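Each in structure tokens, the structures are laid out below.
In the two complexes that follow, chain A is the common piece, with chain B as its partner first and chain C second.
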Partner chain A sequence: MLKDRATPSQFFSLLYLSVLSSIFMYIADRRVSVAQTDSLLRPLVFAVISIVAFLPMCYLMNKYKVFSQEQRNELSKSKMFKIISVLYGVVYFFDALITAARFDLFASSELFPDKDMTFFLVGLIIVCCFLSHLGLGGLSRASTVFLMIVVLATGFAALTLFQEVDFLNFTPVFENGVTDFAKDSLYFSIQASEIGTIPLVVSNIKGNVKKNYFLWSILSAVSFSVILFFVVGTLGEFADTQLFPTYAAISLAEFGLFERLDALETAIWILCIVVKLTFFIYIIVRTFSFSFKKINKHRKLFSAFIGVAIASILVFVSSNIVRFSFVSSAAVAIGVYVVPVIILPAILIGVNFIYDRRKNYEKN
Partner chain B sequence: MYILIKKGKNIFGDYVTEKNTFLNIDNLTEESFGDIRENAVENGRLIKQAFEGSFDIVVKKGYCNGKCVVFANCDGLCNSQKIADNAIRPILSYKGELPEDSPLDFIADRIICGTEQKKETSLDNAIMQLLRGTLLIFLEGQKECIIFGVQNIPERAITEPDTEVQEFGSREGFTENIKTNLTLVRKRLCTTNFKIEMLETGKTGKTRVLICYMKGRVNPDTLEEVRSRLQGLNIDMVLGAGYLRKTLDTKRKSLFTMVGETQRPDTFAAKLCEGKVGLIIDGTPFALVVPRLFIENFQTLDDYVNRPFYAAFMRSVRILAFLISVFLPGVFVSIGLFHQEMLPDDMLYNIVIMESNTLFTLTIEALIIHFIYEIVREAGLRMPKTVGHAISIVGALVIGDAAVTAGLIGAPMLIVVALTAICSLVSSDVYQPIAILRIVFILIGGSTGLYGIVIGAAVFVISLASMTDYGVPFLAPLTPYDKALFRDSVFRLSNEKLGARIFDINGLKMTKEEGKNVNDA
Partner chain C sequence: MRKIKIVTVFLLCLFCVTLFSSCEKPGTELSELMIMQGIGIDFENDIYTVTVEILNNEQSGSPGGDGTSENKTKIYSAKGETVSEALRKLTEKSGNEPLFAHNRVVVLGEKAINRDLRDVIDFFERDYDSRVSQLICVAKNSSAEDLIRAELFKDGVKCEILENMLEEGYNNSIIPRVRIIDAVNHLKDATSGLCIPAVSVQKNGENENYFLDGCGVFGADGKFLKYIDSATAEGLAFLNDTVKKGYITAHISDKGKATFLINKGTTSFEIIEDDGVLKYNMKIKLSCDLDEIEGQENFKNDTEILNALQKGVGESICKKVENTFVSLQNTPSSDVIRFGKRLRLENLDLYNTLADDWGNIFPEIKLSVTVETTIRRIGEETFNSQKEIS
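Let's turn to the complex of A and B:
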């Protein structure tokens, strides 16, 4: 169907925007020191880890074409595949929840500190539920437009920020040791849990996914390094005192008569959040409808249910700092990355292997 | 398809029905008269009976070499002089023998002179042709008749279209006559690859629709899709192009449409050459073209006459005008209410001074003035032209001066609305969605600020990007990006760089991947 068809460049634009939104929210959340020159090298580790993490999925796609249209009917009979599909859905449900919770924190602490943002967030989730029905094709194609807007806006902000950069803020590399750097880099890298969705949607992407993935990893790393360069260069040690250092850096940007551009930049970033949440809801509905025929028949209803579930849990989580801390903890973040990117593909490889052997045995 | 028949009395005082009922169009039937009778007079009587004595149906009896001949035509749709000179006089004054076998062929070939003539055996079809302005000639003892083309259907002259004015283009526009329209296109496409298919739509109106395409360029699937959608059309009458638009457009819930409309034969011909399917509809000066891309709303034929750099500049201006007309009021309201820090201090100070004298919030102000503008516009569109100046004066005075003086609206808002109104008229094809969208964005901006507008814009763009019809994405060739076609989209390269290539809709990747061969048509 054209509705769900995308080219690799469109899909990876979507993925880039999705990861970019995590990067904007990530740093302060992890309580990692930003004010170091080695922050600029973290995205390079991100690129390496992303490429390595892609290998099992790559093997899986090469050998078995998981969830391709041809195998869909056959696979849908297997209980194991249904369970794995549901697991994917559950993981990305948590991922959507984490994204919404982080955005809630960002909105209530930076955007409108004196206002209750619940209705805004609920509205955002409703919009994302609606957009998820328009299919992967529409979302991916729109992502290329959004990417251009985001690149232009970020480039413009970078230009205006350049005069604020103080090169004295760049401390010697690995000042706090390599261990801290390695740990921080790992935390940084696990923000890209979206890459786990590639085997789920690969049948809808026409073109060379592997080559585009490689390019995506490199370009993402370079662009993240540039963002961190401006954060470190403009804020210095002040960045560590900020909950959202990227936002703090952007707040310094001014252009001619216009002294505050942060609202404009934040508005652009919200595009990334919309794309990310919409994509996650699309994936959740898709994985669950693969396992349950009734859900497949009532996708709109299920999507509304997912929206209600995310919004309800979000309100429950955001109202208490302990609950919020749990949702945004390192353990949950690692789980959300490792399960869809490493564990589930590994299980799929194993199950496929057994499945194929059994099939060959029956043939012989 | 159902038509609501309201209870009560009709305009003549006759009681129609006791309660509101729906008339099913599928059940509508017309009296059938079967085949043509051998008795020519009987055929004339049946025609009179069919129209129950309508004064414009003329049935004349005469004799040709002792055989009765009946002529029937619809007065007003035919050229009476032509009927008398080319048909009646030669037949009635013929003194020779009529051959025993196929005397009608003899009459058609030897006696009457005209280019458009054919034979018909069904009286129902003959009556249908009579209503198209032809002359029916019945001969005693023959079970068929001659349909003789003597049409003289009243039509207005070919004039320049009001809705698509070109600076350098042709001054010809479509009229309400289907044949004239076809001629205007035909003279621009002197090729045998230009193909036309005719079909009738509408149960009662039986409006003729011409499906036009260029063989070898059109995608066969698109053509078949258009055919099947028109053949499946269940409608009583087709009185305008808009009646068919609903059938051809699958995205009925969207504000935008993938069915294009044009009044210009040159634009129509250019679109056919791009591999699109065109529809010329009888009785309307608007022709339809499918599929239409979003970017085409910002393109004109003048772009191909102007220098490429200027054409590119003008296309950018049109796109910018579209964006301003949709987003500017909403953005202004949101900045004024939520993000005052974005404005320079002096500008903010001036705006605050002026807005402090007004009664309403920015959101209400924006809504009020936009509604007033739409009312004035609608009045200007529907009113007699003689009172146009009065409306302009009232509009300018009331909106422009009195409203500000009275403190109903602020001067900054007035400037924003004036700019928005002008920008919305730059691309008239998208005026309707613009009018709705800007109201929506004013409400969003007034309630959630710039962030809400961005979310609304995301919905807008994703909705547009997800639109596909006839296998073509609406936002192509921007996304999905097609390098070859992009060279003539947002901007236009020079003719040297474009070379002999033309914009071909079938080159879009979504259709390419379907594996269609455009030369199969």
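Let's turn to the complex of A and C:
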């Protein structure tokens, strides 16, 4: 059991690295401009939305002890419960695919543009599949170690970038109106779909999840704002011309003899990607095992299957930028956030409510 | 604990693979690379000519190229319909793969600057290998090829000298620093023009020298407008608030001259609209050290010298800044100092009403300059005015 247990701080370290990878690999697109001072304020909306979105999940966890061992035993024969579990798995499969595709684009655009990255990516997915067997405990504990490395390296890069910040690179706040700001902020906020996993793993976290979640939201928002401050301050409108603005900003960082800090940062970002992908594969296997007992017995085989599926689709998507555009489209991104964070918890509340009423009725 | 170790080992292996796998070109030997030091771009008859200076690796044995095996660098030229095509054609001449990541400077030839600058630099923005921090300069009164092929001396990297000149010029507040990223930022802004340092080749006996020769001024549409000379370009650092170090020579009350080393300089602006005319109140705060003084015996005491010195520095800077500003306002004018962007940040509503007509508004802007000088040190020597006082 120790294998699958984590403290809240360990788990939220994992979640922090996971969302941090989203901002590192943030892709500039025409829908939302990065090169605006408004970008620095969007994370505040992200924090508010994350906290509000957590409320139904809190209710689920407190009132119904959702996805706890007892509930899983109790509802093991309910078809609805099985469908919901599978839906969670499917959504996070897409999320893993988007993450891997984004990293593929990053690797093939910035790291080794003239090399075929297929083997590297397949290797990365194999590593993630293997690491997912170590369970939530192992991954969360490792995340606390990585967190220190990531924060130190990112902080160091930020310090070296400070001299490159130019006041004229900023733009007036709410230049395009508050409505646009609200829309852009909403789009920005859907980066953190991982918060939907909390009800799925809460039974394995021992401690005060709510307090740590609140802290995580605030710290993530502050970190995003700081990173975006450097992106906007150093790049200005140039940020909107770059596929990966955060990487473009980091590539300006240098310290004395060290002129290529982007290489160091890239290695750090790969750590974050590995943590995120591993976590998603773990969640996919876990949710499917809730519904299918056979999967529970052959977790390793199933995670290998998931790895093969992700790698196969990735190879298909990778060779064509149009397919990639579909995978990274706003509709898919919104779906991947809304389904596990809003829709499925709402359905679960309804299902549990009906189940409770039925149970009470039978008792009476 | 064992699990943490396993996870850590796996991830650190991945970390090492990424960090220690050489730079940009895995699987390519160093001798098989054309390590770019400088790229010159010329344009004539709808064809680009690129001239590159590359490191001459003794082991490479690349055929062709001008230069003996003793030279540190080799120079190649190639033609193409686009910059990218011309650069890729270099491979046909050298047989090696180009590596742009170490390129120091991009030189734009006299004829290339007559094209839309945005088209010329697009390759450097888009290419995977190219760094956005490489410097840009203009070859004044010559082609980029002539500049890169200049006979400076037998052994040395010419583009390294060029890069150092541009960097030092910026550090001494003589010229602006223009990297690819700066050029893009200026040209994306609807009202901002761009000032790119110009470099000329000067004959010096048998050899030739590079020298900084003012700046090339571009309009907001990316089109070349005119040159400004070195003396005029010196006020740009104050107008752009990019004063770092440098020196300034001031005449002190017609009684003598003094040269100061600048420690720190900041510029702030206040924008006022008065009867439809924009007025920019510019306040420069300067901290500097006295480095040399002539005619100190003409002053009665230390206080008088210091006051005269402060006044002299202020007047000298005001003159310099006003001269630069008037020159930029003169037809063809260009807002290379981003006054439009400053207005956008300070008064968005007013900016929105004026932005479309900024080309006509910029020449009408009134500038008022005040300088607050602090003399931080007077060097290792005291003022020798004591005997005069007694």
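We take it that the second predicted complex is superposed on the first by the 360 of 364 C-alpha atoms of A that agree within 3 Å, B and C clash if a C-alpha of one lies under 4 Å from a C-alpha of the other, contacts with A are read in each partner's own complex, and residues count from 1 in each chain.
Please note the rule applied: contacts are C-beta pairs under 8 Å (C-beta built on N, C-alpha and C of every residue); 3 or more make two chains touch, one makes a residue touch a chain.
All of these numbers come straight from a predicted model, not from anything done at the bench.
Bringing the complexes onto one copy of chain A puts chain B in a clash with chain C.
Within the superposed three-chain model, A:274 lies in touch with chain B and with chain C [touch as defined at top]. Of the two partner chains, neither chain B nor chain C is touched by A:340. Using the contact criterion defined above for the overlaid structures, shared-chain residue A:139 touches chain B and also reaches chain C.
In the superposed model, A:199 lies in contact with neither chain B nor chain C. In the superposition on chain A, A:56 makes contact with neither chain B nor chain C. Shared-chain residue A:263: touches chain B and chain C both. Of the two partner chains placed by the overlay, only chain C lies in contact with A:248; chain B stays clear of it.
Applying the stated contact rule after C-alpha superposition, one finds that A:7 touches chain B and leaves chain C untouched. In the superposed model, A:307 lies in contact with neither chain B nor chain C. In the overlay built on chain A, none of the stretches 6-14, 114-122 or 330-338 of chain B clash with chain C except 330-338. Under the contact criterion defined above, the residues of chain A that touch both chain B in one complex and chain C in the other are 3, 111, 124, 127, 130-131, 134-135, 137-139, 141-142, 145-146, 260, 263-264, 266-267, 270-271, 274. Put simply, chain A touches chain C in their complex at residues 3, 109-115, 124, 127, 130-131, 134-135, 137-139, 141-142, 145-146, 167-172, 175, 235-238, 240-241, 248, 251-252, 260, 263-264, 266-267, 270-271, 274. By the touch criterion given at the top, residues 3-4, 6-8, 10-11, 14-15, 18-19, 23-27, 125, 128-129, 131-133, 181, 184-185, 188-189, 241, 338, 341-342, 344-345, 348 of chain C touch chain A in their complex. Chain B makes touch with chain A in their complex at residues 338-339, 341-344, 347, 448-455, 457-459, 461-468, 471, 473, 475, 478-481, 509-510, 513. Chain A meets chain B in the complex at residues 2-3, 5, 7, 9-10, 111, 120, 123-124, 127, 130-131, 134-135, 137-139, 141-142, 144-146, 206, 257-261, 263-264, 266-268, 270-271, 274-275, 278.
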